[in-house]
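Okay, so chain A shows up in both of these, paired with chain B first and chain C after.
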Partner chain A sequence: MMQQFAHQLRSLLRDADRWLVYASILSLLIGLPFLAIGLGALEGVGEMWQHVLRHLLPGYLLNSLLLIVGTSLLTLFIGVSSAWVVSSYEFRFRQTAELLLFLPLAIPSYIMAYAYTGIFDNGGTWIALGKSLGLNLPKIDLMNPLGLIWVLGLSLFPYVYVSARVAFQNLSSSLQESAYLLGASHRSYFRTIALPLASPAVIGGLFLVIMEVLNDYGAAKYYGVQTFTTGIFRTWNFLNDLQSAIYLAVILVALVFVLGWLERLRRGRRSYALTGRREQGREQRRALPKGGKRLLCLFVILLPILAGLVLPLAQLTYWALMTIGDQWSKALLWTSLQSFGLASTVAVLALICSFCLIYYSRWSRSRLTRVYPRLVSIGYVMPGAIIGIGIIGALQWLVDFFASGLDWKIGAYVYNSLFILLYAYLFRFLAVAYGPIEAENIRIGRQLAESSSLLGKKPLSTLFNIDIPLLTQSALSAFALVFIDAMKELPLTLLLKPYDVQTLSMTAYQYADDELVQQAGLPALLLISVVGLLLALLKNRLLSRE
Partner chain B sequence: MSKYLFGFLGILMLFTSCQNTQSDLSNEEGVSESRAQKSITLYTHRHYDTDKEIFAQFEEQTGITINVVKDGASALINKMETEGEQSPADLLITVDAGRLVDAKQKGLLQPIESDFLRKTVPEKLSDSQTHWIGLTKRARIVVYHPEKVDPEELTTYEDLVSERWKGKLLIRSSDNIYNQSLMASIIANLGEEAAEEWARGMVANFARTPSGNDRDQVKAILAGEGDIAIINTYYLGKLLNSADPQEVEAGEAVRVFFPNQGEGDRGAHINISGVGLAKHAKNKEDAIRLIEYLASKEVQERFASANYEYPVNPEAEASDLLKSWGDFKEDSLPLVKLGELNRDAVVLFDKVDWK
Partner chain C sequence: MNILETSQLSKSFDGGKTYAVREVDFRLPSGRVCAIVGESGCGKTTLMRLIAGLERPDGGEIRLHGQVASSPRQMLPCQERNLGMVFQGFALFPHLTVAQNIAYGLDKRQAKQKVEQLLEVIQLTGYNDCYPHELSGGEQQRVALARTLSLDPQLLLLDEPFGSLDAHLRTELRQEVLRIVRQLKLSLLFITHDIQDAIDIADDLVFMKEGRIIEQGELRELFQNPQSPYVRETFQQLAGMSRKILDLFGQDFLHQQ
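And now, the complex of A and B:
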């Protein structure tokens, strides 16, 4: 035992290099809030723990698992199928469809939940429409776990779609041609070549979905479905036992880690790197779907666009028109601009940090550098409000240190600074940026970088001349994902924002929370428009093949 | 293309950060002496537009800027607790008494010293040491479908568990603070055992698994899913004045019943939205000035007419809508109890499996 430990320590010291030091510093800085939470958890469970164990945990665990399984299946089905159709078939409006499939992500899931009940529940648009046509349509009850799976699946499938689409698009045409020359059918090409090669990316996307599901509070609360996260809030807010709530959050993180570990185990030592494909890859051929296939393709594309985008947008527009008189103001435009600025800043920061981590782990001999990103990605798993606690806790060390050591009262600066909010976002969303870039990085492998190094290029030069250009496309996807996530972010924004910053998601949420969901329509629409605007700006870059 | 894009983003970022530095300066205590600009910082769980307008009016009248931080009460309380002495918060506003009791117990509040407030706000709506005071009242009452329910049949909260209401009762989930406070008041009035019995009876009478918010319960009555629902008064006001015709229809389909009004009975359950003065308030005087403003007759009537809450200032008149529901007897239970029994209420809910 001792010997083994000593051996490990030796190898750690042997492998320690400057890359390890850089990676450690960066990860430590970003992971500070988690440290605060971890130390908090060490203080043990709170007094309500027994109650939580007995009455809450089993039910919540079951519901959460049900949601994870259901939403995973739904998002995999929608995401992979639509990505496959847009990457391998040619049809009219294909490029538009490609972008539209991205957009449901811009609708926060709680807004999607409200919109769906606004359509299908009592007094909903669906029933009103039926009435005006003289029909007595029944309400469709969505306020149950199945309804929640539907709503979450529709608002989260783009994560899978995006990763799958990038992966499919980057399959080289030579691969496709070889497969066809060897007599593979389109279907078997998908099953045996495309899907397996895309699987690291797809699973990366699925991971984001699962974490979002675990993190969802608004939609689950409104639908009355009790999940792990609503349980954490109940324990904290109503049983007044923060300590037990933090404990629950830590269990949640542990669960996600086990899931991640299982996935790595599955992936094993297999390499997904393909050499030399980009140089010889021509534009992939897209088939023209015919006959029954055509209908199937249409269905695969239209279902998510209609259910995930058109329906909720129609309801939101209806609400927005209803309330535009008292909602429309210059302040709201200013709010939109602030949201846009904040989200893009965070997205850029997250990209920079992801590149740093990938860069360090590429050159470092130590295996530790590969563990760090996983630790840092905890931010994405934890419920935002718990992260908020961690961040305030970490900040407080700083403030207290200055107050006691130097008698500087920096509190007023710290509590009201944009810097803190950006830092919190970064902690939260780094995983979102890191995921797709790392998946692509795994696929590319390190041969090119090593060749570059052998040819005498310095690591930094290799980074700028080889790594970053190769990763541009996944980086843009990552940028878009973080941007959208930051646009929607709520708990951290509420808790940490400077007084005069106002975001669209906050505006929408606060109306919905006050049961004024109609008033939430306009800000929600603006939010989706801002995201749409960004996607339109990035469109050519996102769609073009390198 | 991308050059322009990133240029644009850059300018934008600069813009947002400049905005912020300005606010940093105005909120910093050190330099505030040299500036005429005074400000107070308010942590609030209320996000109504009415409040925003009222604050703007106060700013205009006094020249004092109000910095608002909006979040859930528990998050705000935790924030104040962590921030400790250097917390920028001057005031904490919540939507129920329970959270204020909690804040006081955690030592985050201090007495509000104001003769005007002592005279204006009734004692039972405030903390005994005036660490917090109520700003508006809301009653948690029964609404019913007039064609399906004879109001004579309705009497008390206790009676809602009787066989007659089996499968007809609508109420939201126990995650909601208003239900918790109602439960707390039942515990305080009937004792723990009877309260558990009552909760069990309620669950047995549910028309459906609790879901949605208060408004959805009223819509469910219109749709025929149940005959009676327990909701807060102002939600009915909001339904009746909604921009959505479907909501107005739902609001018009029900009638209000105030429970426990009988001779010698305790009255309908009420709660408050209230404000506490932060222990480490940096701008105590201005903060109290704001509270006084919020309790003034004029503002209280705004709360009543625009947000359909009952005023706490006896001089303020309730709006026509509130008056149309009639006067009612209020449960005289000290609101402090709601806070003290909140946890017991939640534990009880979990025991009887009230989702």
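And now, the complex of A and C:
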């Protein structure tokens, strides 16, 4: 045991090279917020901690768990059933339905929440519609955990839908035919073969849903449901206790790790499920639904499309048309440009960092360079509020250090800096860019780069002549994915946005927060249009069999 | 003069628990063609990657032209070893044409002339503007060979060079490779799991099993007097197959061919 440890240590030291040094510096810089939370937690509890622990934490925990369970069940039901229908049945407009089921991803959960309030609130579209038809329709109250589950479920089910759709698509016709030859019905084939084989992918999608539920701030705050994330904001903003906010963040990190560990454990056991899929050949055959089955299919497809896309879009469009006269201004255009600019900049930064990490791990002999990307990718599963608090913790330390050591007052500059917001976005979304590029890099393999070396080229020349041209497609996808996430992002922007920077997501949020929800329609619609367009362009790539 | 020599060469990928290559002693005299034969997972490819300088050994050393090129403490960069390697999947750059692939490692001034020269050697004149995916497996392999030859290496390493080709093309390319190697007076080390590849073109054979060399020597010598049961069995199977073909078709069949 000791001998093996010594051998590993020796080989680690021996393999240390300049690439390892570069990768270590970059990873340390990117991973600083995470480190700050850890170090912050070591400083002890804050003044309000006892109050938070006794009166607030149980509620946060209970509500967060309720939201996780409820949203998981709803997204599982909608995502898996709709994915199964478009994968195993042939009907008119199937390909259009595939796209429409994917598009609710363009609507951030807080905007979905505003739209549903507009539909079902007092004096909302639902009541008005009833009145115009001479009906006294009952008011539907959504401002509670169940309403929030409905809203989160509708905006997040595409994560499960996409994972399940790809998994069902990868099932070959030979599996299906074997099952039928052995006497299985369509239903029992789904229950005993298709669903178990797709379950690792479905659970993977569900994990993303849970992370998004924990990340949500805007919808929960609007519906008045106290969760961990709203709690972190509240403890820092209203109780003015950063240390207790850090402690809440630590608990949330622990929860995220437990969930991640459970997901990994399950995936590990089920990893056999997708082995050999490439050899399985053709996609499974689609049946033609008839009679009652046809109606059921129609219901399964139309429910999420209507509730998750058509209704909220109709409400937002109605508001946008109502307010366009007052709202269409240079200021809104400038806000849109700032949103696009911020999202594009962070996407470019994420691409550069991803290429650097891939490049370092390619040429370094040290195994540590392959561990770093996994460590810095942790930002994606960290709710924005935690990252925000981590960065504020680090900045606080920096400000105190300069103030006490050098008598420099730098607070006004660092807290109100665009650079800090971009840095936070980078930490949060690096994994989104790194994932597709790394996957393509693995698919291409090491041999092309090694051939380039054997032909006398230096690593940098290989990067520009071989790696970048071959990874361009996946880099474009990665750019679009980071752009989409950064456009939709809210909690981090709320915590770290400089005073003079405004984004579409912030504008929509602020209007809704000021009880001017109609005014939120136009900025929300602009945001959804850009994100939806990009998602539509990415659809084939995200739903491809590979 | 040995162009390549390894002594006590070892490599492990899991912290010393199991070795992919273990205490390998072997030498390749200049101008010879040598085949490393063994089943999948026996350490052939790792040995070749160690020689190419793509992996660092855990123990032992590799000498090229008498100079130490690899040892646990010392690594000559692969670009400076004056050797060429063709990978099993050929590793042609998919976004570059045949001419661009061959010219990749060359100075721009000399590239055009050299590309034409090499295309002639591999008998693919006129294929300059084709992309790798537009070529057959055999053509791709020849382009990979030409690209490797562009830097005038003295030692050529081929990793399973005929593995992905059909039987007819395989025989043809074996002779083609041998012709080029002899024409350019190169030394060739190639790995294969198929004894027929080895017997057809190699002067010397090295048999590997579980990371170790179990027997090596000149082809005729090994065939006449195999020491290890594994090598004896391999040759016996081959001889058995030949006998069966002769029994079925008779001696005249050979002459008809």
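The definition used in the following text is that the second predicted complex is superposed on the first by the 333 of 546 C-alpha atoms of A that agree within 3 Å, B and C clash if a C-alpha of one lies under 4 Å from a C-alpha of the other, contacts with A are read in each partner's own complex, and residues count from 1 in each chain.
Criterion: a residue touches a chain if its C-beta (ideal position, glycine included) is under 8 Å from a C-beta of that chain, and two chains touch if they have at least 3 such contacts.
Small disclaimer: the values here were computed from a predicted structure and weren't measured.
Engineer: Please work out whether A:S344 is in contact with chain B alone, chain C alone, both, or neither, and reply first, second, both or neither.
Structural biologist: Once the two structures are laid over each other on A, A:S344 reaches chain B alone.
Engineer: On chain A, which partner touches more residues: chain B or chain C?
Structural biologist: Of the two chains, more chain A residues are contacted by B.
Engineer: Mind working out whether A:T317 is in touch with chain B, chain C, both or neither, as first, second, both or neither?
Structural biologist: A:T317 sits against neither chain B nor chain C.
Engineer: Using the touch definition from the top, say if A:M143 reaches chain B (first), chain C (second), both or neither.
Structural biologist: In the superposed model, A:M143 contacts chain B only, not chain C.
Engineer: Does the superposition put A:K457 against chain B (first), chain C (second), both, or neither?
Structural biologist: After superposing on A, A:K457 lies in contact with chain C but is clear of chain B.
Engineer: Figure out whether A:G388 sits in contact with chain B (first) or chain C (second), or with both, or with neither.
Structural biologist: First partner only.
Engineer: I'd like to know which partner A:L470 touches here: chain B for first, chain C for second, both or neither.
Structural biologist: second
Engineer: Could you say whether A:G224 touches chain B, chain C, both of them, or neither, answering first, second, both or neither?
Structural biologist: The first partner, chain B, only.
Engineer: Quick check on the superposed pair: does A:G123 touch chain B, chain C, both, or neither? Answer first, second, both or neither.
Structural biologist: First partner only.
Engineer: Would you tell me which residues of chain A are touching chain B in their complex?
Structural biologist: Within the complex, chain A touches chain B at residues 48, 51, 55-56, 117, 121-124, 128, 139, 143-144, 221-224, 226, 230, 233-234, 236-240, 242, 319, 322-323, 326, 337-338, 340-342, 344-345, 348, 385, 388-389, 392-393, 396, 399, 403, 409, 411-413, 415-418, 491, 494-495, 497-501, 506, 510-511, 513-516, 518-519, 537-538, 540-541.
Engineer: Considering only the defined contacts, which chain A positions touch chain C in the complex?
Structural biologist: Interface residues on chain A, with respect to chain C: 3-4, 7-8, 11, 14-15, 365, 445, 447-448, 450-457, 465-466, 469-470.
Engineer: Report the residues of chain C in contact with chain A in the complex, numbered from low to high.
Structural biologist: Going through chain C, the ones touching chain A are 15-17, 52, 54, 56, 58, 72-73, 77-79, 83-85, 87, 89, 91, 93-95, 104-105, 147-148, 150-151.
Engineer: For chain B, which residues count as touching chain A in their complex?
Structural biologist: 1-2, 5, 9, 12-13, 15-17, 19-20, 23-24, 27-29, 41, 47-49, 67-75, 78-79, 82-88, 102, 172-173, 175, 177, 180, 209-216, 219-220, 222-223, 225, 235, 238, 242-244, 246-247, 249-250, 342-343, 346-347, 350-351, 355
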